[in-house]
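Both complexes below contain chain A, partnered by chain B and then by chain C.
Moving on to the complex of A and B:
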């Protein structure tokens, strides 16, 4: 008996297992850029983002996921950044956001 | 008289000289052979032109007289000239002296250098009516006076106009130590020509110096000569790759340290190992780290002061490309064909486009001012990126991603061409520089010519044409900050000053125009944190506050934001003060 085709389904489970995630690369990035830890996830960076204005690129989302060890797709997403530097100017915590972008690209090229 | 020109003590000298010339020959031949074909053609084409004569003259004024160092500080200049010109003349007059006393005959190299030893017992009175002994003694004294200054400089560099000098490598110290011994030993040996140990000392000092020279900073003595000629023949370093020509630049750096004092990262932010002298050193000895390559504002202050005229910014960009550049692989395809522009662009042969640039988009006051000024001048404008657009590409270029930057350039060029503009105005000097240097919009190479103007030039033109009338609003005192990309980058110093003079009076800070300080937030630096940026902005800010001006004016949206963090003065863009004075 085949299942009824409803035209929609249930979302795949989206749990993050922080105990299993490999935090190593994120720690390495944090060690090189300690100020990254000061992020309050306000989203100012994403709101001003030049790339985000043209596509679904969301810097806050990607770097927050990276911080939690979720690296899948992070490198490809970060490749959309044009390094224009607006995010750094609006960051209320004064984080070197362009430095974070470059570090994520450098450390997570394999994921 | 039969002379053998041989004694045991000449061996260190002979060995040193042989090593020196073998290494130099090996290096130069290798670098020349590896020049790209285009550069080799340039060499052949320009070798027999007036450029070569100009090069010869520059060799005389720079390699011997060190004119550019005299401009840094006269004592420092004297010291360098004493070594270079003094030693050169000692060699030349020494050769003439040999001919005068021994006639036209073959004399091996050591015969010239140790002339006084091999001609003991000979009458050293004047020949041809010239007292060679006296001339040689005076020349040696001249070099020794330079040496005395050099030793003094080690302890009190401030007296020679340098607050900080370069930290030297072991090779540098070895060569320098030997060099310091060469001339006093020569004086002693020539004073007591019969004392063999003194000649041994002189010869060993020379030998050690010559062996250490090609591996130390003293390689600049010879390398500046080919560098001058290659430069005169039109060969340049490139931002997008490391070239064979770079070797000439790297080894022509004498690590004199003139670049260290102007560096604000050293002066205000406490970074002491990233300055151009150290960057060049690290790259030359193949231990350049990403940190050193990235930690530079590319403000151009060191390049402006470099006595050898090295392309320091371009060399650093080349290294950044090597360390982190990657092919673009279409990663910006998402932005292809994006057109969020608005407005019409006039008609006929005057169609003006305005490119705000990312930083201006973050400064609504500048945008509003631009809008009102365009209105007041009755200029119909096409707004290229008011609702967002693609970055100009300069930030990517500055971080070494030149291939990706070219994607941005292609997309923007296409956008400009689609709208058939004849003039492109921008209020961001960062965009301006990349438009002028890389886009080649005004060459007419790939499409009709598009004139690129910074808004300061555009305003000055409007005022001159009488299309913009400004009114005096009381007598206001302004001070002006030259943005690096606008001043040293594009050579625009006067247009902003004309505009300020039209609405008030201007007082200059201590370091201005081509010596102007950087705001500290340059996009070129991805290594420093917020604290360092603010510290630099505060130092610059104090300089402006000391002028007593009521308002600090700048012509770059990024400088405006950066300076506002470092000073209590109100900071305004040129567009804002014009808007305020619109009749």
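Moving on to the complex of A and C:
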């Protein structure tokens, strides 16, 4: 490797490369809970989220990232969920959002 | 809806009598390109072009880094126009993409806000006592080479093809962002279908590589590079382009912007040192040419006379492929045969078997 002290490194890209992302775990979650695919990303879940009102937890953001194969930090984020289920009451597509939280935690524990 | 006209993608380019506005940075990075341009315009095309030693930097880099105020920039640009007016010219040929974008931007500003033009005229008058006329036509110098590409082809001694196989060379063309992304009507093909370099490549026998990140910025972006802490962003952009083009195995890149040609060339050295990654054939870098150099090779000019020894990535593999005869011993001989010094061997130019050649297939 380089012996030169550059004073800077190469910035990691912040774009998602869907060709490189491992979409397998997301597909497994979707297979177990196909209704997750009906999400229209309205954000009702996040708006009503108790944990989201107290912390930076954003359920819509995290589960959308997971759907695209961006798993870094997802498991830790999902631990902020209090499993109160208010999001499930407001979801216009009737998705078992609490179930999605639990599935993500179960599948992505190693990520 | 059917497009009513392609006319909005066309550009008026003057046929003759130009005032030449040089670039400040090109003369350091690619020192022979502007001389080559003048040689082509005068000797090959028989055009009248005035190379004025009195004109200065356009202040574009200072302007885009928020160091030079807009009023100062306008006064400096007004002075360039005044020098052109005094020399009896109405058409401006601008060597630098930054300058070209800046002149275009200032003319648009003056058009939309006439009071800014009046202020610039007054500032110029007070500072230098000069007056100016707005140029009738402003063209980037790559526009002029594009405009005359058929005549250059008629006088060409070779085409952009592999001399051994006759196959067209695969050329990556990179157009500076300030050429047509700021004011699309200022460039040939606008910002959607920029054809200025692709037109030359195709006319002279090469094929253009259409890769995913073709229109991505080279990474210069002024303050992205000029502030050391931001350079990681700059090099990340160049890497993104290089990774995107590498699978197509291009023979060369050609750029019409001083910054783009410099960064696409020199960042290859930095990436090879930092990551042990090269992007060209045989573990070497991909040569980066200016469009003048490309035209010069087609016209049979000596590569060392055009300053191609100043490139970071060695051009010899490309010259060999094109069948260009050159004197290796004369590479680092300057004017009068004086030795100008040779750079140390670097990773980007020397393939060895243990080098990691990481290209996403």
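Operating definition for what follows: the second predicted complex is superposed on the first by the 99 of 111 C-alpha atoms of A that agree within 3 Å, B and C clash if a C-alpha of one lies under 4 Å from a C-alpha of the other, contacts with A are read in each partner's own complex, and residues count from 1 in each chain.
Definition applied: a contact is a pair of C-beta atoms (placed from the backbone, for glycine too) under 8 Å apart; a residue touches a chain by one contact, two chains touch by 3 or more.
As the structure is a computational prediction, the values presented were derived from the model and not from experiment.
Participant: Please indicate which partner A:4 is in contact with in the superposed arrangement: first for chain B, second for chain C, both, or neither.
Facilitator: second
Participant: In the superposed arrangement, which partner chain does A:13 touch: chain B (first), chain C (second), both, or neither?
Facilitator: Touch partner of A:13: chain C, not chain B.
Participant: Do chain B and chain C land on any of the same chain A residues, and which?
Facilitator: none
Participant: What part of chain A is in contact with chain C in the complex they form?
Facilitator: Result: residues 1-2, 4, 6-13 of chain A touch chain C.
Participant: Under the touch definition given earlier, write down the residues of chain B that touch chain A in their complex.
Facilitator: 324, 331-332, 334-335, 338, 358-359, 361-362, 388-391, 393, 395-396, 399, 401, 408, 521, 523, 526-531, 558, 561
Participant: For the complex, give me every residue of chain C touching chain A.
Facilitator: Listed in rising order, the residues are 228-233, 235-236, 239-240, 270-271, 273-276.
Participant: Which part of chain A faces chain B closely enough to touch in the complex?
Facilitator: 35, 48, 50-51, 53-55, 79-80, 82-86, 89-90, 94-96, 98-99, 102, 106
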